[in-house]
Every structure is written in C-alpha cells, then in structure tokens.
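Okay, so here's the structure we're looking at.
The letters A, B, C and D name the chains in turn, as written, and every chain counts its residues from 1.
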Amino acid sequence: MLTEVSIAQVLVNGLTSGSFYVLMALGFTLIFGIMRLVNFAHGEFYMLGAFVVYHLYGRLGVNFFLALAASAVTVGVLGAVVERVIFVPLRSRELSMLMSALGLQITLQGIMAVTEGVEALSLPAPVSGVYRSSWLIFPYDRLLVVAVAAVVLALFYAFITWSKFGQALRAVAQDAEAALMQGIPVNRVYTLAFAIGCMLAAIAGGVIGPVFSLHVYMGQAAILKAFVVVILGGLGSVPGAVVGGLVLGLAESVFASLFGVLVSDMLGFLLIMLILLWRPFGLLGRATA
Amino acid sequence: MTERPVSERARALSCLVIAALLILALFVPWMFENQFGLYLLDMALINAVIALGLNVVLKTGQVSMAHAGFMAIGAYTSAQLTVKLDVPFLVGFVAAGLGAALVALGLGRIILRLKGVYFLLFTFALNEFLYLLNKNVPALTGGNDGVVGIKPPTIPFVADPLRSKAAFYYLVLVVVALALAFVWALYRSPFGRAMDAVRESELLAAATGYNPMRIKMIAFSIGCLLAGLGGSLYAHFLLYIAPFSFTFWESVNFLLMNIIGGSTSLAGPILGALLLTPLPELLRSYVMWQQVLYGLTFIVFMRFLPDGVTPLCASAWRALVGRLGRPAAEPPARERAPDPRSGS
Amino acid sequence: MRTWIRNVAIVGVLAVAALAVIHEPVRAAKTAELKIGFVSALSGAGMAWGMGMLGGLEMAAEDVNKAGGIPIGDTTYTIKVIAYDDKYTGPGAVQAAQRLISQDGVNIIVGPIGSVPMLAMADVTESNKVLVFSNSYTTKALSPKKPHTFRLTPTSMEFSLPFLQWIVKNQPQLKTAAIVGPNDESGKEVASHNEAAYQKVGIKVLAKEFYERGTQDFVPLLTKLLASKPDILDLDGTTPGDSGVVLKQARQIGFQGQIIKTGGPGTLEIIRVAGAAADGFLYVSPWDPNEPKVKALMERFEAKYKMPYNPLGVYFYEGSHMLFDAIKQAKTFSSDGLRQHIEGQKEYTGLLGRYVWGGEAEYGIRHQWIAPFYVGQVQKGKEMMLTKINP
Amino acid sequence: MAPLLEVRGLSKQFGGLAAVADLSFAVEPGSIVGLIGPNGAGKTTAFNLITGQLAPTAGEVRFNGRKITGLASYDIARMGVVRTFQSTVLYPESSVLENVLRGCAVRSRVGFWSGLVASRAAARDEAEIRARALELLRFVELDTVRSEAARNLPYGHQKALGIAIGLATQPELMLLDEPVAGMNPEETARTGRLIRRVNEAGATIVVVEHDMSFVMGLCRTIVVMNYGRKIAEGRPDEIRNDAAVIAAYLGVDEDAAAQSA
C-alpha cells in the first residue's frame, strides 16, 4: 500500500494526529502527575472546551483565539470548582477519586446531551486551504492545530520550569508531604493543577473541534487516546506525553496504511501492552511511590 | 484481616441469621407477582457472582479493569460449546470458568508484575483489546452479530430446560451460594491471611516468607474463574451475546458494585450488585436525564459513603448479633484495601 | 455523626427506590387504554434515529386519539405509548422488552433500531408472542422462525440495487467504488448488500474499510482508501455525523469523485457538518423534505421535541398509522388476530404513497414493508430530490 | 565452629558508584554482631543484598554453609533469615495481633485445600499460631494493645512490633536495621533488653545502628563500613581505638559540620 500513498504522506499524517494526541493527553498526564488521579472526566472537559468555542466563535462570531482563551478560562474555573467540591474530600483515596471522576464524566456528558442535543455540529475552520504537491497533501487547519500544540507545549514547559508556581507543582509531584513541610499550600496546588489540566483539555477541544465535528460524545474518543498516550509515555510525565502521542500517531498511521484501520486499532493496544511489560512505567515514566 | 470474632454466641447467632436468609431466599419467586422484578433479580445475582470474583482480585490490592473481558471469555466459551458442539450446559459452564481462569493464569505471570495504577491501566487496555478481538474474529466469536440461538440451561435430572425466570433463579441462587461459601472459606483460610498480607505490604510479606507473585496469581485466577462462570450464566440467561455486552464500561460496573457495596466484606459485592443492577431501570423513564442522575448517584456515593454501604449495614449487624468483628477504627482502614497505592 | 445520618438517608432512599421498581404492581391489562411499547436508542449515538421513530409513533397516536381513539366492541381505546431507552445495546433491549411485556403488559412493541438490539430481543418477544415492528438492517431480523416480527423500514437489501441502477443510468462514467463503513453489524450488512448490487450493475469495488465507532480522524483511513483511486466513495451505514466528517476530509485531501450513501439517513446533519463539501452528495432519502405534507410533519415534530426530525421517523409515522388502521379493521389487538390481518393486507396508502408487504424471496416471510423512496442530492447546501422510486 | 552467616566479597554497583564493595564478614551462631558506619556507608544495602531484596553484582552469601545469593527474599526468610526495616514496615491497617499472626503463618504446614476446608489439622495449626503470637506479644510487651490497629501505635511500639513479626517467623538469624533510631534513651534501653532476650532465646542477630554507645553495649563483634567497604572488624574496645574508624567518623563529622554551617 505504501507504494500508492507516499511515505511522506503517511508520516505527516502520523505526526499530525500525533500532535493532536499530545494536546489531548497533556492536561490528563499533568493531573495524574500532581494528584495521582486518573481523571476519566478529562474527555468531557475537552468536549466542554470545544462547545464554548463553538458558541463564542461559531455562533457569536468572536475572534477564534479570543474564544479559545475564553473557553480555557471558563473550563479552568469549572475545573477548580469541581475539584473543590468533589475531590478535596476524597484526597488520598485514589479509588474513590477515580470513581468520582467516572461519575463526573457520565454527569457532564448527560447534562450536555440534554442542553446541546446529540447531533453532530461543525465549527468553521479558522484557517482554510490545503497545501498540495505530488507527494504531500496537508490541510492548513491541521497545520494550525500542530502550531497551537507546539505553542501550548512551549508555554506550559516554560511555566513548569521557571514560574514559582511551576516549581511548587514539581515539588508536590515529587513528594507531597515534603512539599507540605516546606510550607507549600499543597491543597491549593492540587486545585490549581486540576484547573490547569482542564484548561489544557479545553484548549485541545477548542482547537481540534473545527478539524473534526462537535458532539457531546467527542470526549470519549479523546480520553481513550489520552489514556493510551500516557500509558505509552509514562503517567504523569509531560515529555512522556509528547513522545507517547507522537509514537501512537505514527504507529496508527503506518499500521492503518499497511493493514487497515481495524488491525491498526488492535495493534495499537497490543503495542501499549507490550511496552507496559517491557517498561512498566512507560517509555519516559519513572517509578512512583 | 482483623481478629476473628471470639464470641461463640455471636458466631452461632450469625449462622442462624444466614440460615434464615437462605430459607427466605428460597421463597423469593413467590414474592414477585411480576416477572420483570424476578428478571432483574436473576440479572443482579449473575452480576453478584462476577462482582464477587472481582472482590477476590481486589483482596490482593490489584484493581482489574478487565473483568468484563474475562466474563466475555466465559460467556463465549460456554455459548459456542453449547451452540456449535452442543455439549450439555454444565460442561459449557465449567469450561467457561476454567477457560477464563487459565487465560488469567497465563497472563497473570506477566501482568501481575505491574502494581497499582499501572496494573489498572494495563487491564483497561487488555479489556479494550479483548473487545476488539470479539468484534473482529468472527470465526471464534460470531463477530459483531454475536452468538445467536443459545439454549437455556439444562440440568441433569431436571426434565425441561430452565427457561422460566423462577427456574433460572434457583440455578443462579445455588451458584451464588456456592461461590459465596467458597470465597468465605478462602478469606478465612491461611491463604486469605496471605492475600491481606500482600495487599497491605508486599515488601513485608515477602520479607517474612510469603511469595507475593504466587498469591496474586492464585487470587487473580480464582477471581477470573468466577467471572467466567458468571459470563456463562449471563449467556444462557439472555440467550444472546455480542461484543458490546463486555466493554470496559461493564468492568467499571463490577468495580462500582464492589465499591458501592463496600469492597472490604463479602456482603459488599453482593449488595452492590443488588443495588446497581436495578438502578438503570429506576432511571429509564427519565429518558433525557437518566444519565445525569446515574452519574450524580456515584458522585454522591463516593462523597458521603466512600466505604460503601456495608459499614452501615455492619453496624446494624453488630447491633443484631453482638460483638462481631471490631468497632470503628478499621472500616476506613479496610477501605484502602483496593487502593492502587497500598502495597506498592 | 451528622454525615452518618446523611449516609443512612442516602442508602435508605436508594434501597427503597430499588424495592419500588421491583415491586411496582402490574397494571390491569383490561382498561380503555391500549398500551403500545417502544424500545429504541433514546440516548447516545443512535438518539437522533430513536427519537425520530418515537416521534413517528407518538404523533400517529396523537392523531388517532384526537379522532376519538379506536373502538373495539363496546369500549373505545385510546393509545398510550410506553417508551424505554435501550442505549443501542442488546442487553438494554432485552431488559426493556422484558419490562414492557411482563410489567407494562404490552403485546405490541415498536422498535428497536439496530441489529444487535433486534436480534437480542427476538427470543423474548417471540416466546411471548409479542408483535414487533422493528427497524434494523440485518437479514437475520426476519425469518419464518419469527412469525411475530415485522420490519417497517426498507433496508439496503431493498434500495441498494434500484439506487445504484439509477446512478449507472445517469452517470455511466462511474466504474469503480470504495466503501467506508462502521465496524458493526449494520455497517457490514449494508456493505455486503451494496457489494452484491455493485456487482449486478457492473461497478468494481476496489477497497473497503471499516472503522471503530468513536473514530474522529478519518484522514489516515481515507488516505489509504482513496489511494485506490475510485470513482465512487460509498459511505455505507456511517452515522450522519461521521459521514459529514468523512465528506469534509475526503474533499480536503483531494477526492473529486462521486460520494454516495445508502444506509442511515440524516442529510441535514451531514450538510451541517460538511458544509460546502457536501455539494453533489447523492443519497437515498425516505421522503422529499420539500413536499408540503412532509414539511408540515417535520415542523410538527420540531415543535414537539425541539430537535430536527430524522427522515427515518417517517416510516414509523406511516407504519404506526397502518398498525392502528389494522387494529381498527381487525377489531382486535391480540397478537395472532392482528398478525393474520396484517399479513392479509393488500396494500396501505399513507402520506408518501403506496406501501406493500414483501420479502418472501429474501427472508422467506412476507414481513418486510416495501416503501417508495427518493434519490436525493445536495445542491448548494439544499436537499434536492432527483427522482422517486417505487419498487 | 562453622559460621552461621558468611558474606564473601559482596558488591553492589548502582550505575557508577559502588554502594557495597567487596564486603566480607562472618557471623558466629548465637552472637550479636553490629554493623556500623557513617551515613551512606552501605549498611542497609548490605542487608538488602543478604535478604534478597537486591541482587548483588558480585560476591556471595552463605547461610548454614548454603549459598543463598540469588534466592528470592521469601525463600531466604523461610530458611530462617529475617530482617526488620529502617522505616518501620508493618501491616498498618490490621490489628497488632494479626500483624504477628501473619508472621507466624510462614511456619504453618497447612496446605491451600486443607486450609480452605478448615480441616482439623488446619484448626489445630491456627490455634497453635494464635497461642504463639500471643506469647510473642507478651514477650515484646505489646499484649495490652493487641487489638489496636498497627498504624495507631506509638513509634517505639511500632519498632517492637516490627521485631515481633520477624520473631514470629522463628528465624535463626535476625537482621535489625536501626532498631533504636529516633528513640528516647528509655525506649532505647528497653529495646536493648529486648534484643538481648531475643538473642538469649536463641536467635543470632546482626544489627545496623548509628547509636555508638548502644552498639558498643550490645555487640561482641562489630563490623565498620565506610563508602561500601569494610574498614574494620573486632571487639568494641578495638573498634573504639581504631584509627581508620575514628578518621571515618571524624571525616563525616567534618562534613556534617560543613553542611550545618
């Protein structure tokens, strides 16, 4: 098959969907890294983000990037509230937190289904047009996603490394108790981390939404990918999410063009199972307490 | 996991209560003027068997999200055996259990090295993989169309197949009773002590002569055995199975049954199954809002009853049969039983 | 301690509720109310179709009740629809059917949609002699072994061939096709029907790809599929939402050929998602949305349910009316009496035209409703009907 | 007579640095041996190597003349070598008695099935184990708190419980990792007495400890490690005057001073 589709095309497709996956997984892995919470509701925050952008940019015609920022803030605030109300009381009870996250996912999805309906909507792409050459076809709206992914990643990394709060984050991720000793307000860090995770989810949803379609179930696909990505890359590791995302994207694209999608899906899961056995903590993950 | 009840009186009394419950259970079908209630009850008991299996896995501190996958192995084994080779139900039933257990044994050696959340994630992936396998290997599983024409169970010395809900009720009641007795014996046996040890501190357990890997493998296989048996019952009750009945969400359901019931006592998974199975029916009529209510139920539960309902029942129980188990202190202690972090 | 009390309260409520549902008393079957059961996906991905079907049934019931109900003997029956959601799953459908039959005491069920719910339900409904008027694509749904099961929706088995014949007649330059469909029983079923039809009309199927539900990015799939350079891209039983994305992305990566779709209608949604990319798209439509009678029905539905009316629903509006007429004429709703009457029906004329029962050839039992349908095309974002086909 | 434990050229490399390098020493049956050295000298690593929590890069360990390097820690424990942990490791959620019972279980000969059906043998075994556990609790003076959850015990008691669990396995050789770290003098004294009584009861003991006076008072033989190597071995009085040892400790003190300053 690769003879008919240019290899470049396959690789580019892979890297593109790879960067999509990185965006989807970033907040997810952050939240786990800090709170050790497997946030099943991540996909729903992604969906919410997309819908906020849809209403602001798609319906009211606000500038796309403004809408994106607005959606990030809105969903971030929502996340903070949710964290306070639902997760704070369950601190240190991982399984209870995980189950609440599941409940939250079901609830948010249900509410949106009632208010927005279940039919697919679409967002006009903020940029249109396609790059075409004999060996490569590349729509610009995808290019935009890749660009945003890169920018978000850079900002996020800078934030984690240099900002005071970023250092607090890393301290807590390392060892919550020690952080508490050093007088870091761990609980506030948790809340903020969760909020940031949700913001990242919202940005992902808002920027990826236009490329696909919008519907209240879009989150499920996203969380599934995020899951796989972080398993591949290592839970709680941001570089891991990047590597995992790109690896998954490439693997899927190559497998798909070699064997077809169904096989590629199964191979995808086989791949992560093998990697987990080879490196139980993921490609870049480190053993955690 | 804590001191066994010393008071003979208490033990005798609790035996009495259990016996009473069993006798009561025998007459349940007469309490239902309505077949649907009985249908739900049968379904709940089937789920109870499977949830109980998961409880055995949780007992060693491993949170498995692939339980529906193993249930599927059982369901398909027994369905295909009875449909294609039409072997008698009991053979299919046993084969279902053993099949699931063997797969568990084979995989366990590799995957039980993973601890806590990594095991959880792996089993999640495993469940997805099995699901896709069920969909895409029609030769084995009938693919998306699933397996049609499964026959209701036939039992030796019982004239006609157990088609009616009541008849099936007795079958599944027997299975639940046996499973319960088995797991109860298991937990109070030295092996039960070993499982607790491994869950609470694998390091210490190993340092004092327990072989954690072996213990976890046995527990995992037993758990999946029950899942397989439950799967077989499921197939021969609904008489139709398709991949969609064994998704990751089903696994989540069995986990929820344990947690909402209370994963730290035998009654937990049973209560959980009895509470959760009818829940969607309660909500079914609120078409639009059912999902929201369903989700909220869990959030509220986790928020106010993270140990599940059994601790509450337990206090009543103690009041009933005097000093059984020990007061306060240890339920929260026990809640952390399936905590992915503990022991790792 | 306060929380402890709260806890008890919560558990109490749940327990009581659980008991309540199990012990809900059976309502006496003999009232002036005729209960019709309905099972379908009312939440989740299949909801648009499910609600369309429910709307059809409920609007028809409204009509009948407004007109004074159905007189049988000395009692006149008003119709009451009891609808349950099966979440598009087998167990869900079985459970819903169980509840309808043994708790609500219905002996007529409309629905479900989808083959898995259909096949799962069959054992319960047939063993209870409950009449089922379903909507599913699988060939297994109808058979002499299932004397109580009817199907109101024509399937790709019925319309693939005429549709493709029309295409070949009007666009003879189309010689090859590629199929993309969801990896589920309906998707595969439709694909197999279409392949047979393609062969009959002499179009070569170069490739087909099935994707898991929930797939969002179709570019990798399409890249491979379109590498075989087909003239036709066939969207098979792809859901409207997904179809929109496929259309959009196929055009984006430079596919210029004809895009068509047989199963799973919902063109408005497709247009909404695909936008300009939808222009030229050919599809099978159960109705002509520009026809005043249909327009009126669509508006009535939207007013009632606050969502667009899925074309599939029209079969259930028509079908329900057919059913109620049958009850009126047969003067009974006992499954056997009604069944014989319906099987005896010559034909039925409804809103859209003439319907007949068929299907001996394909299924060995005459329980398949044969309905007229349209070949539609999207032109400048509008649905245009090119022709009406009466099989 | 033949040594009970024999460590020969034991080494462990972590990446670049050698945590334990060519460590050799022997432990006579019935003795109490002290293993001391500045922080990071590799004492705990040595324990981990002996009891199989870590695999050595080189060298071997013999117990009763039998090579135990490469065996799994639970097998080593079953052979009669048990260790306690620096940061007390217990079964935190379970009762004190249950903690000890789990230690005892290792010696029970009840098989899976006979345990399952609660056979007579199993019942007898359970009774014996209980009796022994209670006796042990009296021995370590914890019988009063036996139904307390382990995590609720005061620090000193937790340490004692750790030892009790070890004893429950009926070890020939016990490795105690800093048994009195963080204890007040009174607790330290009590633990000292306890260890002696354990030793008199027949268990050979190797103890890692910082508290010099404690070790000097307790042990007949002392092995001193620094940077993973043995720098001295001998009677307390010999060690006290050993130049290398003093240097090592002073060096560390300087470091410590430098750090604190």
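Note that in this section contacts are C-beta pairs under 8 Å (C-beta built on N, C-alpha and C of every residue); 3 or more make two chains touch, one makes a residue touch a chain.
Just so you know, these numbers come straight off a predicted model, no measurement behind them.
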- By mean C-alpha coordinates, which chain is most distant from subunit D? C
- Task: Would you mind pulling out the distance in Å between where the CA atoms of subunit A average out and where those of subunit B do?
- Result: 33
- Return the distance between the CA-based centres of subunit B and subunit D, expressed in whole Å. 41
- Quick one: report the Å distance separating subunit A from subunit C, using the average Cα coordinate of each chain. 35
- Length of the line joining the C-alpha centres of subunit C and subunit D, rounded to whole Å: 72
- Query: Which parts of subunit B, given as residue numbers and ranges, touch two or more other chains?
  - Reply: 132, 136, 288, 290-291, 297, 301, 336
- subunit C touches at least 2 other chains through residues 43, 183, 212
- Note on the structure: For subunit A, residue numbers touching 2 or more other chains are 113, 224, 262, 265
- Query: So how do the chains connect up here, line, ring, star, complete, or something else (other)?
  - Reply: other
- Which residues of subunit C touch subunit B in their complex? 3, 6-8, 10-11, 14-15, 17-18, 20-26, 42-43, 83-85, 89-91, 94-96, 98-99, 101-103, 115-116, 119-120, 122-123, 127, 138, 140, 183-185, 187-188, 212
- Task: Provide the residue numbers of subunit B that touch subunit C in the complex, in ascending order.
- Result: 32-37, 39-41, 43, 132, 135-136, 143-146, 148, 163, 238-242, 244-245, 274-275, 278-282, 284-285, 287-288, 290-291, 297, 300-301, 304-305, 309, 312
- Item | Residues of subunit A defined as touching subunit C within the complex | 1, 4-5, 9-10, 13-14, 16-17, 20, 113, 117-122, 124, 130, 132, 137, 139, 211-213, 215, 217-218, 220-222, 224, 252-253, 256-257, 260-262, 264-265
- Note on the structure: So, in the complex, the side of subunit B touching subunit A is made of residues 63, 110-111, 113-115, 117-118, 120-122, 124-126, 128-129, 132-133, 136, 252, 255-256, 259, 288-299, 301-303, 306, 335-336, 338-341, 344
- Query: Quick one: in the complex, what on subunit A touches subunit B?
  - Reply: 32, 36, 38, 86, 89-90, 93-97, 99-100, 102-111, 113-114, 224, 227-228, 231, 235, 262, 265-266, 269-270, 272-273, 276-277, 280-281, 289
